[in-house]
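Two complexes are shown next, each including subunit A; its partner changes from subunit B in the first to subunit C in the second.
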Partner chain A sequence: MKQLVIPFRKTEKQNKPHHADKRTGKQRAISWGFLAPSVAGVFLFFVAPFFVVIYYSLINNVVRREFVGLSNFIRTIENNAFKLAAVNTMKFSLIAVPLAVVLSLLLAIVLMSRIPMKSTFRSFFLSPLMVPVASVVLIWQILFNYNGLVNDIVAVFGVDKIDWLKSPHAQVAIILLFLWKNLGYNMILFMAALASVPQDLIEVAKLEGANDFQIFYIVKLRFISSTILFVTIMSLINSFKVFREIYLMTGDYPYDSLYMLQHFMNNTFQALDYQRLSAAAILMALVMIVIIAVLMKTEDKFEKDIEE
Partner chain B sequence: MKTNGKRWIALFLALVMIVGMTACGKKEKENQENASAPGGQDAAANAEEMKQYVYKEEKLSLPEDVNPETISEMHKVGDSIYVSGMSYGERPLYAVYRLAEDGQLQDSSEIALKENEDIGRVCFDEDGNLYGIRTRYAWEVMDEEVIGEEEMGDEAESMEQAVPVETPQEADPDTVTEEEPETEEAETEETEASAEELIADEEMGFSSDEAFLVKYTPDGTEQYAVKLNGDENGAEGGSYWYANGIHYTPDGIVVSSYEDIRIYDPETGEEKNKVTMPDNLTADYVIQTKDGKIVIGGYNYNQAAETGNFVFKELDTTTGKLDKDITLTSGMAWRYNFFPGANKDLIMTDDSGIYEADLGGEPVKLMDFVASDVLADGFMSLVPVGEGKFLTMGSNPETGERQLFTYTKVDPSTIKDKIPLTMACYYLGWRTKNMVVDFNKSNDTYRINIVDYSIYDSEADYNAGMTRFNADIASGNIPDLLELSTNMPVDSYMSKGLFEDLAPYMEKDAELSGNKYLTNVFDAFNPEGKMYQIIPSFSVTTLVGKSSIFGKEPGITVAELEKLRSEFNIDYKYLMGPSNREMAFYLLLVYGNNSFVDWKSGKCDFDNEEFINLLDFIGRFPKELNESDWEEDTQSFYRNGRSLVENAYFSGYQDYTMDRYGTFGEEITFVGYPNGGKEDYSGSLINSYRRFAMGSTSANKEGAWEFLRTYLTKDYQDKVAEQEGNFPVLESALEELEKKAQEKPYYTDEDGKKVEYDNTWWVDGQEIKIEPLSKEEAAAFTGYLKSLTHAMSFDENIMNIIQEEMGPVLEGQKPASEAARIIQSRVSIYINENS
Partner chain C sequence: MKKSFRKWCKENIVLILGTAIALFFAVLFLLPIVLTFTNSLMSSSEIAANYGAVFATTDTGGKVFVSRTVTLKFIPDMVSFSQYFTVLLKSPEYLFKFWNSVIYVVPIVVFQLTVATLAAYGFSRFTGRVKEIIFFAYIILMLMPYQVTLVPNFLVSRFLHIVDTRWAIWLPGIFSPFAVYLLTKFMRRIPSSVIEAAQIDGANEWMIFSRICLPLCRGAIGSIAILVFIDYWNMVEQPLILLADEEMHPLSVFLSKINAGEISLAFAVAVIYMIPPLLIFLYGEDNLVEGISFQGGVKS
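On to the complex of A and B.
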């Protein structure tokens, strides 16, 4: 009887000789050995404090350390100062971030077109990045002072003097500051992204009879979707950092329209209220996670289009 | 090979990083363990450490010949200790005693001086010669014509026309004749007559004192007297020249003043060098190190920059130059008194202990006063007399007499172990130290060690101590006891549960539970139903005015105050006594902010008419007062109606009596600071600058309570008025004061008899007798004290916000309503955050 020989196809793993397994394991161990200090540092300075913050948010105070469940979160959510700060931060981000993205994209489109003195304009928009924060703050204080230049200009139109930084319109001044500071950087990112859109696709679109708007919306926008996501996230992060300028201009306790989440956290830290600080930080982190998840999902959808 | 080499290098670097992080972690773990130790601050380790600083105090029995009242200076030269000072008997003498290190008198001398002379600072050389600053006092009367024609400050011209008073004829001090006493009496009579004439005629004059550098041999013989002040040698207006230091060095005698430093030849008294003080150097300190170096310096304030720093320089005694910069300890130089050291350059004392340090080095603690159960506040003089032993000059705390003390280091192994309690404070007060030392001496079980956070303050950061205290609190290092100060966020601490509720301890205490206390005072400082703070005593701040104007009920609004001001036509600058805008701000807003902020409900109300009126009202006060505004007898303004209200501070019944019968001369009402019309707030405020608390995590709460309760015992409370100058919180003690206020003051004469006298008050040059309070008045004042409900609360953040927003209002750039709106917004955020 003939023996049936069934060819047996070895898996890649099975194809490897035994000494190859040992070498892979050894390499892995060496790799982890070299990674260990960095991992330890990340753990010590990022991961461990993260868990410490969670722990602090669940106890009553650093002295008694009694577990109190979610009462710190409830206390924080019910705190009027926190509510005000959260609303102001959200309002600022909802206005400033889209403006930063859209305006910088528009600027990038304009600067990518054939206009004279392109490099001059590029330098002009990038120069705010080089100006120190303290100088910017000083200039803004002078401009928006009760007796400042802005009031002189609006007076020409018959508008009464406004103490801009201490009025309900204070966010206007800060949004202008934010845009002035960040448009240049976003614009450069968009310019790089626009330059990387394949030209042959644009040519094909033109041949198909697409107009400029359709080319932009259907072709370019999809290709730069990852950059848009990146710029949005960076702008969102920068919108929180604007606390630095507000703090330098108005101190620990600004007018209520400028009171941001960072003010709340800064002040609760100074008051040694670590429980409320930790709870506020976790709540803010959760909101950020949700926002970024939404943004990434949207970006995924755009990217699939491109892949298809 | 190359690859292997790289691998080994990389592995080595990785190991170095891992080892480094492991070491950090270990220390962190140790710190955490220490932080969680009972009593915070690792009490046991702290107690062991404190044993190293224990010295035994012994009063030095002075030889009979040495009169303690004469001692004002102490110096050590070689193995000899010189104590010396002025003696004012029949004639002034300067007595010098040379003692051995064990206090045995070796020899003494007396230097006879003239009637109008004394010797101040001195120093000695190795042979026992004394070098000192002898001052001859003289008063020159100005001619009447001169007074009419010249400006008061024009001394130069006045001096030319001055009529000198006859000074006693100079007699050889070493020649004593039988006639001399008569001469002295005659001279004295002459001088007294001249003085009477001066007083009667109200003649003006000026001092024309003369200062001399003198040298006396050990037997009291004068070698030379070199004039130090005057036209040639002294500062302008030479009689005001003042020597703030004299030191012997082998290169010469260094005499320092605020204007210059001079070096004199010890043999001849000839001036060898003279250094004018540079602009950035003040001679607040003239310090000599163990090697004889002289360091001069002090606080240099730059008026333009509105800041300052300590500057010290070493004096080169050979050339007289002040070029070498010296860093004098890393702490606050003003904390210490400096003396030549033994093992290191300097020995220093502050109010907590004795330290030694090299120039520019860190102070090393040698002795802790509290650990040694010593009631000392630093020493006037201190000399080391062997290893671990000091001889000091201080005052007997009971009699106030000058006393020499020796301090000898105690072997730490012989010190009895007690359970340690840690007390944290910021600038240890004398009375608290007193209480702690008494407790440590009398209690066999517990011992309190003090941690004074003010020692961490530095010139770079004046708040470093408070920052460290807050950081320790935040990390769980709560001490057993705390002395609370006004710059601590006490409300924040209370809300975080840092303090133990002492109400149950009070209820369980057999003695205290039976006593009646002014619970309104406790309630003003503690949340409802709780007692986190012990208040041993209190005082009251309020605005006071005539009842005939304000009526009998307390409370006033800004509008009412303005109406009365207008009705009686009172100038703003005198409304509350002489007050400029800044003073008005403090009185009406800093003290009066309670009417706009309600911490219990977490609300503030600045955006209302009352506050806007208040801002406008404050703006009407003058920015600055002129000198002429102070020239009149402003104390009489309240009586004669030029001032409407007085900012009064009551810490005893006597204050009320003086106000009632002296300042106002008629019945007064406790008007209070503007209260916005609130019925539950009278406008008067309770102050208490000394408050105590127990840490909630203390492992020795019984021991901590044993200490805290002493502040509320009858023994302590009965002495509060006398020792602290405040009102007691015990009702029976307050009632005793109420009774005393109805009696005339008295003193006890030599025969032990009670001698009553009248208090008086001067108004417009007339003396007014102050009557004791009547029974009704005393009772009414006690009732007022018991009715107070609000504690003084100064919140720096709120005041900063108000001051910031008020600026443009006061400059007329912004309306008060706009500022009020902004203040309301900002302060609301602050209150919401913290409620």
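On to the complex of A and C.
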């Protein structure tokens, strides 16, 4: 029933159609016919070149092609721009992802409670998902300008005016834009999960004398733990894409605190430094894989907890 | 009277709190969209007077009247459609970029879904060790950010000599594994009894695919098409890397490069640019919600 998140796991196997066992050689051939266009395309555009990327990351340059071991990686890691970009991206994700998870869960709970005009609110919260970032960037620039509305608001609390996008606090503006764009999507995921909590589970908890608060914490949160994981992974991935917002707001050369990994990649592309580009791409892929593996492991543990 | 009101409040504290939170977020969420829209109805001199200071500092282009203060205006002094008039009739470059966006996005949506439906059928109908490994590779790929996938994309495009052509955007988009993953998940739920019945009636694989599987997946295909559409309508990273020629950039990239002299136009362009996705949203919101819920995989 909890058919989850990242498949290729036990739950998927149970779902395997029974008739799959009876396949013949002919059917096998036919099935590859269905897969062929996609597999060929993915191989050509993603997988095969990735081996080239690995190769490039190990040689000194495209002309002489001498193996240099890990020196490209070391050169990349020691590069100041890369360090800055990595730290900024990490900072951004560390703040934005938890906020995106918690706030969207809050919105989902609010929409699941008995408030009026639920479907209208749902549309409102979801609409930013449809609006291209490029369309609202102007408004964002105006809001966070030195003389903009945001400064007027914080002035009420006695905070001095700053030019947000050119200050160390520039990430605040981007985090808000990120949340604006992504909360609705996460909220829908949470709403679907909350709606799938079996009613009898809640009834049992009530019978045992749990109050609403306990029901939420002990029953519901546990039950949707896999969705929390999924939302975290998706938010994390989306947080790596935030370059888009920053680029549209500040162009090629943003303030230091907004210099992200994709900026680094763009600049390296322009310099046509394939070795560094490849090394950086591999490093990022590794980091992503590690993060996702860790999250999945945590979730596995969680699930076992529930089963016990 | 007063007492009963208090009592009512106490009993409905959740309702009041919930509505307050919902209203608060609704205002925040709608504000940027509404502001963009109302601002697009201002005349260019009004825009310049209001926001001149913002854009004079961020851009080096065009001369503008610069005001000392930035006044955020919700309602224009005088509703004017002059911006739209200019964009639609006098400055073809915006429409040209809009057309670029369409040219990129529509084939990607159509062909990504075609390729993906076929592949999803292949993955869901027959399983085997090799296919599981491939499917797992698809998932990993799907989770990779652009920073990672653009490098291989670029290398292949260079190898095929399609950098700076539309193919460099189309092809990686068409073969993106995103739709394959979702559709496979969906097709795996089609009860095997349905397919077995068809087999007994003598249907071959193609007939099962086209007459049984496709109709059952119509809703899912629609919602995934919406998700793919938004993703590419919003694209920024790919054109920046793969298309050096700015003439070929989609409006999503070009919009940010509008110089200070034309900021008033920018609002109208921004509105025009968000109309197609918003129309799709109005028409297919339930589909979209279903698609997203399905992504979480909790819908049983």
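Criterion: the second predicted complex is superposed on the first by the 270 of 308 C-alpha atoms of A that agree within 3 Å, B and C clash if a C-alpha of one lies under 4 Å from a C-alpha of the other, contacts with A are read in each partner's own complex, and residues count from 1 in each chain.
Simple rule for what comes next: a contact is a pair of C-beta atoms (placed from the backbone, for glycine too) under 8 Å apart; a residue touches a chain by one contact, two chains touch by 3 or more.
Fair warning: this is a prediction, and the values are worked out from it, not measured in the lab.
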| item | value |
| --- | --- |
| First, second, both or neither for A:Phe34, with subunit B first and subunit C second | both |
| First, second, both or neither for A:Asp273, with subunit B first and subunit C second | first |
| First, second, both or neither for A:Val47, with subunit B first and subunit C second | second |
| Touching partner for A:Ala192 - first (subunit B), second (subunit C), both, neither | second |
| Greater subunit A contact set [subunit C / subunit B] | C |
| Partner chain(s) touched by A:Met284 [first = subunit B, second = subunit C, both, neither] | second |
| Touched partner set for A:Thr298, first subunit B, second subunit C, both or neither | neither |
| Touching partner for A:Asn147 - first (subunit B), second (subunit C), both, neither | both |
| Residues of subunit A at both interfaces, subunit B in one complex, subunit C in the other | 30, 33-34, 37, 41, 44, 146-147, 251 |
| Subunit A - residues contacting subunit B, complex | 30, 33-34, 36-37, 40-41, 44, 60-64, 79-81, 84, 146-147, 163, 166, 251-256, 259, 263-264, 267-268, 271-274 |
| Residue ranges of subunit A touching subunit C (in the complex, touch as defined) | 1-8, 12, 15-20, 23, 27-28, 30-35, 37-39, 41-42, 44-50, 52-53, 106-107, 110-111, 113-116, 121-143, 145-149, 180, 183-185, 188-189, 191-193, 196, 224, 226-227, 230-231, 233-234, 237, 240-241, 243-244, 247-249, 251, 261-262, 265-266, 269, 277-278, 280-281, 284-285, 288-289, 292 |
| Subunit B residues touching subunit A - in the complex, by the definition given at the top | 7, 10-11, 14, 17-18, 21, 470, 473-476, 478, 489, 492, 496-498, 696-697, 797, 801, 804-805, 808, 813-814, 818, 822, 825-830, 832-834 |
| Interfacial residue positions of subunit C with respect to subunit A in the complex | 14-15, 18-19, 21-22, 25-26, 28-33, 35-36, 39, 51, 53-55, 58, 68-70, 72, 115-116, 118-119, 121-128, 131-132, 134-141, 143-156, 159, 171-172, 174-175, 177, 180, 185, 188-189, 192, 195-196, 199, 205, 209, 230, 233-234, 236-237, 240-241, 251-253, 255-256, 263, 266-267, 270-271, 273-274, 277-278, 280-281, 285, 288-289, 292-293, 295-300 |
